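Common to both upcoming complexes is chain A, partnered first by chain B, then by chain C.
On to the complex of A and B.
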């Protein structure tokens, strides 16, 4: 794995991207004992508007805290996909929520598409866990943090009354990643 | 087993949360403020923490009132802090001047966002560099510290409180949206790991106390209101008793002492860090989140065998005049990257006194300067 990994989680305000970034950074920094920095960018709106959360993970101290070129990009809206896909490294990974992102520009990075929001609603009864399913998919596909670390980080950050559904969401994300890797169809979900 | 014993208190903290931790450790027990993005988490954190420690949190009607409350609490003996952003920092200026002339210890955190006016609430800037120095009117001394990591936010908040107590002066902690909202691993020190400085108290009985008569270090001992020492506090230039004076000798001595208590201690107050400056022919000078970009630029430049180094400022006021002057004698070129149209570069030019070329690199679109653009600027200047 590269010395410095840059992850961009992008979409709209209210999709839980900033929390997802915090959980990922906590998994890397606290539970995997690496260096990690999380930053964010959002507009003045409480909901809606563009939102992104950036995480940099490294074995060494991190100087520049933001993404220069993403190794991993999560896009939960078409607008975010269009905006940030240009900044993906050639051998990077794009995870796009096909419930929201219908057009993928042609890029050399590896593209994984899956209806994350739809599946969250169908399988777990709430769109609110879209962010955690996404984390499960990213970690399942890339092992950017250990599965143990991300499990601990999710449990530590989400409110206790929704812990169970979030744990399920994470495991669901792992399963989806497995299928995406082996290129099974989406019918199962 | 040993691991368990040595288990450190390491957390992923947001910059603003680290400021709260630092303030509590330094002994701050009073916060008055008016919440504003991107500083709000400091108010939230203080509201949660202070009541449990017997401290007080007040959300005031505006920034003017909150600065006044901070001053009042400090005179009554509590270490006091407030946090705001550019629009609120403007409003606090009048009372910051009052704190400066009356030598009232207090810390004002300004988390810089894009301006002028309400500007860009959620985006970073370094547009308040000069406001931190000259925001309030008249010849006044000020100390301003500018961290660039979450860990430095914690340690410099402690320093800010200590300096304010030691030198009886308002201290500005200048952050920006990036580092205030950024989360990084921080090892939270225990109380015994850190140095805490408290203001000097009078050693004479109330009837002999002269509230503005300095000791040999230029700083007068400070009695808390309510402890039997009755004295007058005014925004007018005052004598040792705290009463207004129009005696020109007293006025001159007062203003000079106010400045000298800071200027004579610049060795204690000025903090900075050097990266790869030993053999550098080109120097970057930066502070805050931009210093993080500049640090990476230095590494990228060294990979291309360019002799680039970085002077990272942690104290921006008083400005490290001597340090920059020496650097200007060593290097051929200084580049000053800033998230404004060139404020610190003016100080750098003044300090460099024409001994080397000084060039500004500005960005004002609400995004953090990135290392690649600074490298581009270096290459552009070399090819000139």
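On to the complex of A and C.
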């Protein structure tokens, strides 16, 4: 794996991307014992309803904490995809929620599409776990943090009342990643 | 006010400093229509139980998102105070929770001491609002964001069940700041 990995989690306000960024950074920094920085920026974009959480993970101390070029981009809305895909590295990975992102720009990065929001609702009865399913997909596809670390980080951060559904969401994300890797069809979800 | 204000919220894990940082950044970036970046770093310190949330607020786009020298430092533990006070500007402000920080290092910055955790428990029945009282004190003392903006940001972020106690905590923080400014004694709390 690269020395420094840059991840951009993008979508709209209310999709839980800040929490997802914190969980991913804690998985790396606390449980996988790496260095990690999570950054949240607010300005005109945030006032327009966009949300973007950035995480940088490294084996060494991190000098510049913001994403320069994303290695991994999660796009939960079309607007976010259109905006942040430009900043994805050529050999990066785009995970796009096909419930929301219908137009994938032509890029050289590897693209994984899956109806994440739809599946959250259908399989777990709530859109609120879309962020955690997304983390499961990202970790399953990229191993950017260990599965043990992300499990611990999810459990430590989500309120105890919703722990079970969030654990299920994470495992569902791992399963989806496995199928996306082997290019199985989505019909089972 | 300075063009770029750097705030460091420091203490231990579980004291709600990440949420406080997010609320402060959202107050500035969404409700006061400035630019703001919130950063959370994880590494050996976080694994030792320390927690530090950084917020940079500016009228212009923010190039470097991390704190270089804090203008405002909140210290909710002695360890955090000892560590981060070195990085406070000479004419900065230290807000120390005197329930936890008993040794204030000799510094040229302005120091405000108040038993925040103790007062949270005594006046509002829970330590969990220590972070929000602290935000009230910081905003009351420094006007780094407007009181309207911080009120909106608190309401938007805290779960609806605990909105009332958090609103009270914020107002209590404003009151404490007023007294700290006029150097009234703490006995009324």
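Here is the rule we go by: the second predicted complex is superposed on the first by the 182 of 189 C-alpha atoms of A that agree within 3 Å, B and C clash if a C-alpha of one lies under 4 Å from a C-alpha of the other, contacts with A are read in each partner's own complex, and residues count from 1 in each chain.
Definition applied: a contact is a pair of C-beta atoms (placed from the backbone, for glycine too) under 8 Å apart; a residue touches a chain by one contact, two chains touch by 3 or more.
From a predicted model like this one, the values you see are computed outputs, not experimental measurements.
With chain A as the common reference, the superposed partners chain B and chain C clash. By the touch criterion stated above, A:20 is placed in contact with neither chain B nor chain C. In the superposition on chain A, A:47 makes contact with chain C only, while chain B stays out of contact range. Once the two complexes are laid over each other on the shared chain, residue contacts for A:39 go to chain B and to chain C alike. Using the contact criterion defined above for the overlaid structures, shared-chain residue A:68 touches chain B, although it does not reach chain C.
Shared-chain residue A:135: touches no atom of chain B or chain C. In the superposition on chain A, the residues of chain A contacted by chain B and by chain C overlap at 22, 25-26, 29-30, 35-43, 62, 65-66. Against chain A, the residues of chain B that register as touching in their complex are 10-12, 37, 121-123, 178-179, 181-185, 289, 292-293, 295-296, 299, 368, 370-372.
Interface residues of chain C facing chain A in the complex, by the touch rule stated above, are 18, 22, 25-26, 28-30, 33-43, 46-47, 61-62, 65-66. Chain contact summary for the complex, chain A toward chain B: residues 22, 25-26, 29-30, 35-44, 62-66, 68.
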